[in-house]
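Got some structures for you, see below.
Next come two complexes, and both contain chain A; in the first it sits with chain B, in the second with chain C.
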Partner chain A sequence: MMAMGPLSIWRSPLIFLAILAAIFGVLPLLISQYRMSIANEILIFALLAMSIDVLAGYAGRTSLGHGAIFGTATYVIIYWTANLGGSPWIGCLLAIAAAVLMAAAFALFAMRVSGVYFVLITLALGMIVWGVCLRWSNVTGGENGIRGSGRPDIIADPFVFYYVTLAVVLFFAFVIWRFVHSPFGLSLCGIRDSESRMRSLGYGTTLHMFLAFTITGFFSGIAGVLYAFFNNFVSPSTVELSQSVEGLLMAIVGGVGTIFGAFLGSAAIILLENVVSQYTARWPMVLGFMFIGIMIFAPQGILGALKRQATRKL
Partner chain B sequence: MTLAGINLLQILNGLTFAALLFIVASGFTLIFGLLRIVNLAHGALYLFGGYIGYTVSSVTSSFTAGIFASIIAVALLGLLIDQGLVRFVRGFVLREVLLTLGVAYVLDDIALVIWGGDTFSVDVPTLLQGAVHIGGVFYPKYRLFVLGLGIVVFLALWLLLNRTRLGALIRAGVDDPEMAEAVGVNIRRVFLGTSMLGASLAGLGGTIGGAFLTLYPTADWEILVFSLAIVIIGGSGSLVGAAVGALLVGMLDTVGQVLFPQFAYFVIFGPMAAILAFRPMGLFGRAT
Partner chain C sequence: MDRRRFLKNTGLILATSTTGVLSAPWVARAQAAPIRIGFMAPLSGVVAAGGREMVEGFNMYWEKKDHKIAGRPVEVIVEDDAGNPDTALRKARRLVEQEHVDFLFGNLLANTGLAVANYVKGNGVPYFIPIIAADDLTQRHRIKNVVRVAGYTASQMPRPLADWALKQGHKRIATISQDYTFGYEQCGGFSQVFTGGGGEIVAQLWNPLSTSDFSPYIGQLAGMEIDAVFAMELGADAARFMKQYANFGLKGRIPLLGAQNFTDQSVIRTLGTECEGIISSAHFAEGSDNPVTQKFVKAYQEKYNKLPSLYGFSVYSGAMWVGQVIEKLGGDISDRDKFIDAVLHSELTDSPLGRPVRFDDYGNPIYDVYIRKVVKNAEGKYWNVPIETYPSVSQFWTYDPKEYLKQPLFSREYQGIQKG
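What follows is the complex of A and B.
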């Protein structure tokens, strides 16, 4: 059966986008500037989580490498603007291009495999990116990272930047929604449900996976650029595994294969991280226990496609 | 720069590093092959083993005590993870993988609480200190010991798997767990034993590696990536595959460190890419 995810009854995503726009649109009027920056971060990571959800929920592939793709874009734009003094707008293009290229490189490794092997390969590739960022210190600044040169004047104001982020993220949420409900997205669902059947129907499943992975890299790259403007600093922790792990956790918490659930997941994880960090430095432990807890107790709804994929083979 | 820059010293470095990687990755591949569990906490078990080995060998000033302590403690930790957590998601491969990822985070953070963020090095016993003269170079005795230990572990595991009743049970479990169970094998106990054996190899690797690679908070992830590369290259569950993979990765990493130190990590990409393109199940892996 062509399972299209729980949202298939809603033919139009505009209702959800309107609700999200309303909620996130009025937030800055109600909360402090510090909290607004948290909301800003939630939006950025929602985009990362959505890009992971395209693969997890529709192509049935769980990636642990998208944090590294996201961080690649952040590194490129900050290096371009701060170290080379380039224009931030060209930097955006370069950063997104770098993320897409990185995703394409990942895809060459990962396009033929599924299940556990896909997790392992994306994990290993992401770790390699992290290792290079850590050791290539004359370019990446090693552990010290690189401080950015600030946002361009036009989006320097936090309010303006918040609304720009909101507009960009909602726009790409719509694009991603259209993408997964396009014929291409439906054939991804077909590959998820039975790759051999799709292949015997004449679909180039490997090429489909390559393109799907690369396209999700594009979305992660945009999130990475927004994060560069938001954080104005990049270090190996931007590309580290935790970034991918948190992104995946957001997608899972929000509901795999729901796309817009990513906003919920992102909000839950980032708010929790902020609360936990006020009391203790043990966030990694909390993150780990959350992962364990969700994997053991999570209701079927939250696991969604992950479970469907897991029960199938291997 | 060319390969001419590689001398005997680097070859020995590569071989000894490969021996350590084999010890760690053989445990990883055993668990992967038999239990179908990709234990992403394997690196964390390595680091835990190393820290425990460090603490015990400093307190008792006995390297041997440190090794045994790390083997036993990590085997028990493996048992605890398997029976306490993985049990609840048994059969759901993806949930298992992500669960062990969560376990890795928890163990990492516990290690950070107990041992802090400093770098430790396990003390080498006097017997293995100093260097020996071979082929025109002076080479640390300890690293030769690691090389020897790697070979011993390989032979021991090979004999265990191929020449003992337990090995036959394990191989039966790999091939067809249900059939093995149907002919009266208590497959659960075999699984449990394998999972503890695999974990204890990580613990052993931690203490051994802790003496020449040092132990620090992210060391576990680096070892995990090497183990992943080895299993991807060698194929899951194959001992020979793990040995060949470890040799390839160990040598390539050492060559890479010499030729382009900043991108040494990249070098293990090459064989991984070639193997994934032509043999997605690894050199010695079997299609399932």
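What follows is the complex of A and C.
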């Protein structure tokens, strides 16, 4: 029982979700509108980081393509609403569908490989998406991007939009948590630990990887849609490699394989970017040092380190 | 001293002492309500060099004014947009929603400017853009509170050069340009006027940004029977193109014409003979013998130990323009509509151009445009010297604005080329 108590904290997502809901829920009452927009961005990127963490932490595959999937959704909804004048709600569905399709296409290439090959393939596919967004200027507006036509009235108010984001992100955080703790998620862990053993046990590892990748694309797509509503603008920088890298770094900083660490990682990186850049133009260097520090002192990420501390004491 | 202020000050000391880059905001402590300006420029990323010259030009004006205008102190809050539209948007949000600035100013790359313009469209904050040259901001998609003070439209400047080329007897020209919107617009302005006047654009080459090896392009140019080359390149690409053009022996064989940024001081400052004799067109020429221009050039040189580039000049003049309007309004810019209207109906006087500048009906300045040649000055430095002037060039050249606006925006596919 002694051992079960603290351990079950790590097993139940509800406590974490409650803490997150409490923290992010009261934030807008305490901080200025600008800081609320930063919190909003943290939530959106946490969802992207969580989707990457599913692959990185549970399937042992490091993706550098999820930024492109995320950005695909952003492009689709903004193009649909601004250039075609379509309904934003249909746009949401189209954007998420596009992200899932994009992820499925990525998965076809990447499902059979692991390790560095997986990194390279997702990197290359992400670069292709970026290249298309940059060059297909009749549709994507080239490097100038597309300016959106604003949020729908019902979520136009920043407060309302913030809470909608919070609800959506927490809901999908729960869904992702359930997903990785489902039998399917456990079989992903099995693939991570030994793909050949899983295969010899009769699991269709390739199909597992295909589905896992496609489903994480769905989560990235939702984050991309939220980002489109948030920024009301899209340009190739939304799909570029640094977006994928940032999402991955958030997952790593928070703790790979912890899911909820994504919130910490996202908060740490976005806050640092915003705070440090007010004081020095060399802020990317400060970020670099932070990553090195984390790799040395907390290689399992912030939440990973806390988790280890908590379990070691027992 | 609260924690925030403490951080700000320590940040300032750290920034100045360890890196020598002053990027923390200048903080005024005065009794009268200050005018707060949010200034954005890329201080990191690939265009950081240009961004720093923007900050120099901006600071130079406010330092000359002793950070005061119409009796009100001026606070400038500088933010790094990193040359990235998402970052620019975030910074604009911070400046408006947290710093409560009276207006925004700056940005270098068109994509950052367009992102910020879309943001201020929703909240009415005045936004001044001396560098952002995207055609449509003063053409098809105007936003009232986005004003191009001392800026220009991309396609505006190369048009006189095309006319000049025709007068030189050039019949066949090939263009090479960076493959993005700013390139399409500049190249389009040139190609439209050149073919409209009976010239022929033999070929149009588009190179990706940051091309390190131009030999495939230069090889193609060498094989064409052409009278001149029109090149639109920025920054390091421009420097590399000029060097390789000379190395391949084309310099002196096929005359080289350039868009204004091609031979901008920020590029030719570090170059040698390879840039000599290149012709370009722009409203500003640091080698102009106009005494007002020379006064500015000397002052800039004394302060920053280099000749001013288009970035420094434009932002300095833009600040001056807004400053003059604030003075005229007696320091009261609380009514944004009145402020914007006053700017749009004002005339910039005493600018380094040495002649007054006003806006056309679409909010784009009308300039006397120089045809400039790169020559060595008395100090042995290369600079742009005017050899001919086209008076009162607007963004619509000689076309009727209404007719002109019916044509699509320039792109790789649409270059306004008329087949003779």
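Observations on the structure shown:
What we mean here is this: the second predicted complex is superposed on the first by the 269 of 314 C-alpha atoms of A that agree within 3 Å, B and C clash if a C-alpha of one lies under 4 Å from a C-alpha of the other, contacts with A are read in each partner's own complex, and residues count from 1 in each chain.
Note that in this section a residue touches a chain if its C-beta (ideal position, glycine included) is under 8 Å from a C-beta of that chain, and two chains touch if they have at least 3 such contacts.
Note that this is a predicted model, so its numbers are computed, not measured.
Once the two complexes are laid over each other on the shared chain, residue contacts for A:I128 go to chain B alone; chain C is not touched. By the document's definition of touching, of the two partners only chain C reaches A:Q33; chain B does not.
Contacts of A:F289 after superposition: chain B is touched, whereas chain C is not reached. When the two structures are aligned on the shared chain, A:G150 is found in touch with chain C, with no touch to chain B.
Shared contact residues on chain A (touching chain B in one structure, chain C in the other): 135, 137, 282, 284.
Those residues of chain A that touch chain B in the complex are listed here as 62, 64, 108-109, 112-113, 115-117, 119-121, 123-124, 127-128, 131-132, 135-137, 241, 245, 248, 282, 284-285, 287-292, 295-296, 303, 306-307, 309-311, 314.
If you check the complex, the residues on chain B that touch chain A are 36, 38, 40, 85, 88-89, 91-99, 101-110, 112-113, 221-222, 224-225, 228-229, 231-232, 261-266, 268-269, 272-273, 276-277, 280, 288. Across the complex, chain C meets chain A through its residues 7-8, 11-12, 14-15, 19, 21, 23-25, 43-44, 48, 79-80, 82, 84-87, 89-91, 93-94, 96-98, 110-111, 114-115, 117-119, 122, 134, 179-181, 411-413. Chain A meets chain C in the complex at residues 32-35, 37-38, 41, 134-135, 137-138, 142-145, 147-148, 150, 231-233, 235, 237-238, 273-274, 277-284.
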